[in-house]
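The same chain A turns up in both complexes below, where it pairs with chain B and then with chain C.
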Partner chain A sequence: MAGFGFACLVLALVVCAYGIWASLYGVRSGRMEYADSGRRSVYAFAGVISVAVLVLEIAFLGNDFAFNTVADTSSRTTPGLYKAAAIWSSQEGSLLVWAWLMSLWSSLALFLTRKRIRDVAAYATAIMLGFGAFFVFLMVAYANPFATTDPAPPEGVGLDPLLRFPTMMIHPPMLYSGYTLCTIPLAFGMGALLARRVDAEWIRAIRRFAFAAWLFLGAGIMLGALWSYSELGWGGYWGWDAVENAALLPWLTGTAFLHSLMIQEKRGMLKVWNVSLVLATGTLAIMGTFLVRSGILDSIHAFGGHTLGVPFVILIGALIGGSIYLVVSRREMLRSEHRLDSLLSRESMFLLNNLVLVGLVFVIIWGTYFPLISEALTGREASVGPPWFDRYTVPLALVLVLLSGIGPVIAWRRATLANARRNFLVPIACALLTLVLLLSGFPPGVTSKPLALAMFCCAAFAIASIGQEFFRGTRARRAMAAEPAPLALVALVRRNRRRYGGYIVHVGMAVLFIGVAASSSFQHTKELQLSPGQSARVGSYEVRYVRPTATLTPKFDTAHTGSTLSLGAVLEVTESRAPARHVATLEPSEGFYSSDEASQGSVGSLIGGQPVSHIAMNVGVTRNVWTAIEPDIETPALKRIVTVGDKTLPPEDGIVAVAYLAREYLKHPPPAEFNLLVSPLVMWIWVGGLIVVGGALIAIWPAPSAVRRRVAARSRARSVGGLARA
Partner chain B sequence: MGLLIALLTLVLVGLVLAIVSAPLRRARASSSSEPARDLRAPAGAGASVTPAGAPAALQAARVREELEAAREAKYREIRDAELDYRTGKLSAEDYRAIDADLRTEAIEILNRLERLKPRDA
Partner chain C sequence: MRRLAGVGAGCAGASGRLRYFAAMNPSRKRTVRLVVALGAAVVLASALIYTSFSAASPALTPSQLLREAQPGRAYQLTGTVVKGSVHREGAVLDFAVADRTGSTAVALSYTGTVPDPFREGREVIVTVQKQGDRYVGEQNSLITKCPSKYKTAPPSENQNS
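This part shows the complex of A and B:
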C-alpha cells in the first residue's frame, strides 16, 4: 500500500500543475470554464491527499513497520490515540498533514466564493495549488512519508516521550490549521492584486478565514504554553523560544489585519496596510513552518534528518519578492478613498494599534532571526534571551492593553472631547481604584514591580471600558425594544456579533495579561536538594518530602507514558503560617525510558533514554503550587545494580535488575533535586485564553440567513426612508 | 498486491478526471447546442468569449459585486453609527450629520445598482 500512497502524491502533483495552468488560462482568456476546472482541481487535490493520509493512518494503526515513518515514531505498545496522532510527529508525516489541511481549507474557501469574485478566486486558486505543489514536491523529492524498508523491522522505536501527553495531541493540529489557514487570505490578497480588484469584496470573502487562522494559531500557541507549563520540568509557559516566536509573529500581524480590515470595509482606507498585513501573515506562517525544517534548530519542535531549508528559502524569497512587487506596482489603486476625519476617532486608534503590533513584530523578528543568521554566518553561538524580549515587548503590550480599552469607547469617524471625557470617566476611575488598592499594600510587594502594577491598571481600564459598552448597549436595546435586560443583552450580541464578540476577545486578552504579569513578576521559586523528612519554604508554603515513590511499567504506568521506570516523591504542602493548614499532597516523578543503544547493556538500555519530568501541581484561583523532581540514580549503590545486571543478565531479564533498582531506591532513597514554584494567578492565563476563544467564535459565527435578509431589508428601507425625511 | 495498487490508482485517476473535467464537458455541451453565443450573457458555466481581456459580462458582474459589497458595508456603517449614538459615543448633532452623509452615500450606491442591467435568471 506504500506504493499506492506514493502514487497519490504523484497524482496530487499532476493535479496541482494542471489546476494552476487551468486557473490562469481561464482568468486571462475569460474562459471561465477553465477557471472552474482549476477550482475543481483543488477539490480533487484535497480528495487525493485525503486518501494518502488515510493510507498512512492505516499503516500507523495497523503497526505496519515496513513504513519508515511508522517504524520511527510508533510501536506496538504505543497507545492507540498516540498512534493515530504520531503521523504528525515526523518530518514526512507533518508535511503530509500540512498539505492535507491546506487542501481542505482551500476547498472550503473556493466553494464559498464560487459565485463571487471569480477573477480573484481564479488567481487565488493558482496560488493555493502552488503551495500544494510545493509541499507535495518536498515529499516526493526529499521526505517521502511512504518510504519503506524491506524486510520490515519487527517493532518500532515508539513515540518521543515528550509527546506522550494529551495536550500534544491537539497542539500540532491546531498550529498546522492556523498556519495553513493563513495561506488562504494570502492567496486571495495576491489574487486581488493580480486581478487589480482591491475593493472590500475580497476582504469580505476571506475575513472569516483570516479570523479562523487567528483563532487556530492562538489556540495552538496557548496549548503549547499549557503543555510547556504542565509537562516540562522548567515551570514556565513562555520562553521566547524561536519556534514559539515563529508562531506568534503571524498571529500578531493577523491581529493587526483583523482590526484594520474593518476600516477598509467602512471607509475604503488602509488598503496598503491590509494587503501588506495579509501577505506578511501568510509569509510569516511559511517562515514558521520553515524554521522547524531548516536544520537550524535543535529542539523538540525541530524535525531532524533531512533539511528542507533551501527549498523553503526559495519559496519565502519568492513570496517576499512577489508581494513587494505587487504592492508597489498597484499602489495607485491602493490609495485610500477617504482621509482620517479626526485623530480622536476609532480609525486613529486602530492605526495606532497597527503600529504597535507591527513594532512588536519587528522586535520579535530581530530577536528571533538575527541570532540564528549571525550563528549561521559566523559559526559563533549567539542568543537573545527572555530579558531582552521582555525589555521591549512589555511596554508595547501595555500600550496594546490600553488601546483595547480606548478603541471600543471612541466613535467611528470623529468623537468630541466632551463625549470622550464622559465615556472615559468610569474606566479611568476603575483604573485609579485598582492603583489605590495595589499601592495600599495588597498584595505585598506589588509596588516593587512597576510594570506589573501598570499592567494591572491598564487591564482594569480595559475591562471596565468594555463592561461599560455592554451596559450601555443593553440599555439602548432595552429602550428600543422594551426587552428585559438578559434578553436585551443576548439580542444586542446576536445583532452585533463582530463588535461584541471582539469586545469579549479584548476582555480575554486583558485577563490573560493579568495572569502573565502576576505569575511572572511575583513568582516564588526554589531549587534545592531534599531528603525524606526534610522541608523547604517557598513563598507562603511549606513543602515536606514525605517519602520516595517508584513504579514499573506497564501495569502501574497510569499515564501511559511508556517509561520503563518512574521515580518520584510524595510531597506534603501546607501553609507556612499557623495553623499550617494542609493544602495539597503532590507526587512529582521522573520517567526513565528505553534507549536504542544496545551498547548500554541489558539493564542500561532499559533506562538509558532521555528522562522526562512529570510535574505535579496544585491549581488554585489565586496561585499554583508547582513541583518537579530530578531523582539521583547515579549513586554508587544504584550504579552497581545496573553494572552487575549489564554483565550478568540477558536482555529479556534486564527488567529484573530495574525492579531491584526501584526497590533499593525506596529502601535507601538518596537526596533528590527539587524545583518548587508558587506562581500567582496562572489559572487566569488559561481562563483568559478561553474567553478569547469564546469571543472569537461569537465574532466569526455567521448570522442565520433569514436574520441576514431581515436586517438587510430593514436597513435598506430605513436608508431610503431616512433620506426622504431629510 | 501490485494489481490492487494499480486498480486503486486507476480508479482514483478516473475520479479526478471526472471531477476536474466536468466544467469543460458542460461548456462543450452547451456550446454545441447553442452555436450563436450572446457575448453579453453572464459568464456562467459554458460561457466562452473573445480573449480580449475580461469579457463585458464578467466586468458587469464585477461592478455589481463591488456595489453590493459597498451597499452591505454602508448598511453596517449606518447601524454602527446608530449604536454609537445610542451608547453615548456620538452627540446628537454629530450623529445627525454622520447619519445623513451615510444615507446619502447608501442611496447613491442603490441608484448605481438600479442602473446596472438586471442579472439573468
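This part shows the complex of A and C:
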C-alpha cells in the first residue's frame, strides 16, 4: 500500500509537469486547447493526491504501523476521531494535506473561471501547479509520508495528548485551508500581470477566493486562540508567538486587500496597491507555512535544523523577486484612473486603513524575525517579547476600530462639513456617552487603563456608526416598500449583501476588541499553593480548595483523551462580598499519560508521559473564572509507590500501583499549585469572532439573480472601459 | 474652486498657511501629502527599530551565559534540562540547563508556571538574571519545547507580564 501511495506522489509530479508545460505552451502559442488540457491536469492532480490521502487515512484507521507516520502519531488506544485527524500532526502528513487542499481549491477556482479570462487562467494554472509540484517534491525528496519500517512495530507512539481536543481537530484544517486559499489570488494576480490583462476581471474572478481565504484563516486563528485559552494551562489566548504571528500576517494583508479592492472597483484607484497586496498575501502564507517547519526561529514550534529550510527559502525568494519584477514592469498598466481628491473622503479613509494594516504587518514581521535580524546585524541573537508587540499593535488597533466606524459612512471623493455633521453626530455622541459612563466609575477601576478606555470608546463609536447605517437603510426601505421593520431589514441585507455583511464584520471586530481590551487590562490572577480547606481571593471571588480528586484509567477520564491517571481538585467559587453567593464548583485536573520511554519501569511508564492540564472554567457574560491545577505527584510517599511498583510488579500489573497512588493521593493530599484567573468579557471575544464569521458568510453569499445580472452588466461596462484605457 | 476654498476656510478658520495649502494646485498638494506621509512612516519605523534593539533580551547558551552575564540584566537562556538536576521545594523549582553539546551547565531557581512538557532532557528557554553568584529565573518565563521532530505544539506557555 505504501508503495502505491508513493507512486501516486510521483504520478502527481508528472501530472504537474505536464500541466505547467501545457498551460504555458497553450497561452503563448494561442492554442487554447492546450491551456484547457492544462486546466484538466489540475483536476487530475487533485484526483491523484486525493487517492494518496485516502491511502494514508486508511493506514491510520487500520492501525498499519508499518507506515512511519502512523507509528509516530497514532496508536491502538488513540480514540478514533483523533486517529483520523493525526494525519496532519506530522511533518509529512501535513505536507500531504497542504498539497491536497491546494489541489482542491485550484480545481474549484479553475472550474469557476473556465469560460472567462482564459489567458490569465492559463498562467494561473501554471503557477498553481508549480506550488503543487513544489510540495509534492518536498514529500518525494525529503519527507515521505509513505515511508515504512520493516518489520512493522506492534504499537504506535500515540497522538500527543496536548492535541487530543476537539478544537485542535478543526484548527489545522481551517488554517491550512486559509493558507492554501491565499495562493489562489496570488496565482491569478501573477497571471493577470503576466498576461498583461490587469482590468477588473481577474479581481472579480478571485474576489470570493480572497474572501474565503480571509475567512478560513481568521477562523483558524480564532480556533487556535480558543484552544490556547480553554485547553492550555496558562490562561491566555495570544502570546505573539512566531507561529501565531505567521498566520496573522497574511490575514492582515488580506484584510487590506478586501478593502482597497472596493476602491478599485468604484473609482479605479489603488491598482498597484491591490496587486501588491495580493502577491504579498500569498507570499506571507507560504512564509507562514515555512516558519513552522524550518527551525529558523527558536520558538516553541521550531525544532533544530531542518532540510526543508533551503527549498522554502528558494521558493520565497523566487516569489518576492518575481512579484517585484512583475509589478514594476507592468506599472504603466496599473495607473490609477482617478486621483485622491481630498484627505477627508472614503478613498482616503480606506487608504489610511491599508496603511495602518501594512504598518501592523511591518511591526509583526520585525518582531517575529527579530532574532534573525539581530543576529545578522549584531552577531548576537536576541528576541522581543509580548510587551514590545503590545506597545505598537494596540495604538494601531485603536486607529483601525475608529476607521471602521468612519469609513463606511464618510462620503466618496470629498466630505463636507454638513455631510460630516449628518453622519457622525450620533456615533460621536455615543462615544462621548461611553467615555463619561466609564470615567464616572462604572465599572470600577476602568480609568487606570487609558488604552482600554480608548478602545471602549472607539468600539462604541464604530458600533453606533454601523447601527445608524442599518437604521437609515431600513427606514429608507420601509418608506419605499411599506414593509414592517424586520422584513425591511432582511430585504435590505439580501439586496446588498457585500455592504451589510461587511458592516456586520465591523461590528464583530469591535465586539472582539472590547473583549480583548477588557480581558487583557483588567484581569485578576493568583498563583499559589493551596492545601485542602484553604481558600484564595481572586478579583471579587473567593476560591476554596474543597477536596482532591483522582480518577483512574481512560474509561473514567472525563476529558476522553486517554490518560491513565487524572489528579485534580474540587474548587468552590463564591462571591467574596456579602451575601457570599455560590458561583460555581470547578474541577480542574492534570492528566498523566503513558510514555514510550523504556527506562521508566512498569509503573513509571504508565504515568511518565507528558502530563496535560485540564482546566476548569466558569463562563459568564461579564467574566470568566478560570482555574488550573498542578498537583504534586512527586512527594516522597508517592514516589516510593512508583519505585516499589517498578521493582516488584510486571508490566501488566503496573496499573495496581497506580491505583495505590491514586488512593494515597486522596488520603494524604499534598498542597497543589493553583493558577486562578478572573478575566472580564472574554466570552465576547468568541462572540465577536462568530459575528465576524456570520457577516463574512453573508458578504460572500451569491446575491439573488436579478441583482447579479445588473451588477455583472455594470462591471462588464467598466472592464471594457478599462481595456480601452490599458 | 469655490468649494475648495470653502473647505479650506471651514476647517482652518483664519489660519493663513492652511488656506495657502487649500489653494495649492492638486499635484503639488499630492506631493506634499506623499512627503509628509513618507516622513511620518520613516520616523515611526526608526522609533520601532530603535526600541526593538533596546527592548530585546539576548538569547544565550549556558557557556555564553557563564562568560558574559552581568548582574541585573535579563538574558534568555536556551539549553537542555540536565538529568537528575530537577528539585522542587514548595513554590521554587531548581534545575540546571546545559548546552546542546552537554559540556557546560547553569543551575538556576525558578518560580512560576511550569509548562506541561517540562522534564529532564527537554529543551527549554527561560529568562534569567544573575543575582550574586546565583541565577534566578524570571517568573512565568519558562518555555519548554516539544521533544519530537515536528508536532503542532501549543503556543508559549508564559503569561504576559
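Some notes on this structure:
The criterion applied here is as follows: the second predicted complex is superposed on the first by the 683 of 726 C-alpha atoms of A that agree within 3 Å, B and C clash if a C-alpha of one lies under 4 Å from a C-alpha of the other, contacts with A are read in each partner's own complex, and residues count from 1 in each chain.
Convention: a residue touches a chain if its C-beta (ideal position, glycine included) is under 8 Å from a C-beta of that chain, and two chains touch if they have at least 3 such contacts.
Please read these numbers as outputs of a predicted model, since none were measured by experiment.
Upon superposition of the two complexes on chain A, no clash is found between chain B and chain C, which fit side by side. Judged by the touch definition given at the top, the superposed model places A:R663 against neither chain B nor chain C. Of the two partner chains placed around the shared chain by superposition, chain B is the only one that A:S37 touches, whereas chain C remains out of contact. Using the contact criterion defined above for the overlaid structures, shared-chain residue A:E469 touches chain B, although it does not reach chain C. In the overlay built on the shared chain, the residue A:R114 is in contact with neither chain B nor chain C.
In the superposition on chain A, A:S613 makes contact with chain C only, not with chain B.
In the superposed model, A:W412 makes contact with chain B only, not with chain C. Of all C-alpha pairs spanning chain B and chain C in the superposed arrangement, the closest lie 12 Å apart. When the two complexes are laid over each other on chain A, chain A has residues 414, 416 in contact with both chain B and chain C. By the touch criterion given at the top, residues 1, 3-4, 7-8, 11, 15, 18-19, 22, 28-34, 36-37, 40-41, 43-44, 47-48, 51, 116-119, 197, 199-201, 204, 265-266, 409-416, 418-419, 422-423, 469, 472-473, 476, 479-480, 496, 499, 711-712, 715-716, 718-720, 722-723, 726 of chain A touch chain B in their complex. Across the complex, chain B meets chain A through its residues 1-2, 4-5, 8-9, 12-13, 15-16, 19-24, 26-27, 43-55, 58, 61-62, 65-66, 69-70, 72-81, 83-84, 86-91, 94, 98-100, 103-104, 106-107, 110.
Touching chain A in their complex are the following residues of chain C: 3, 7, 10-11, 26, 30, 33, 37, 41, 44-45, 48-49, 51-53, 55-59, 76, 78, 88, 90-91, 112-117, 119, 125, 140, 143-146, 148-161. Interface of chain A with chain C (complex): residues 72-73, 88-91, 94, 160, 162-163, 168, 172, 224, 227-228, 232-236, 238-239, 241, 243-244, 292-293, 298-303, 339-344, 355, 359, 362-363, 366-367, 370-371, 374, 378, 380-388, 390-392, 414, 416-417, 520, 525, 527-529, 590, 610-613, 630, 632, 634, 673, 675.
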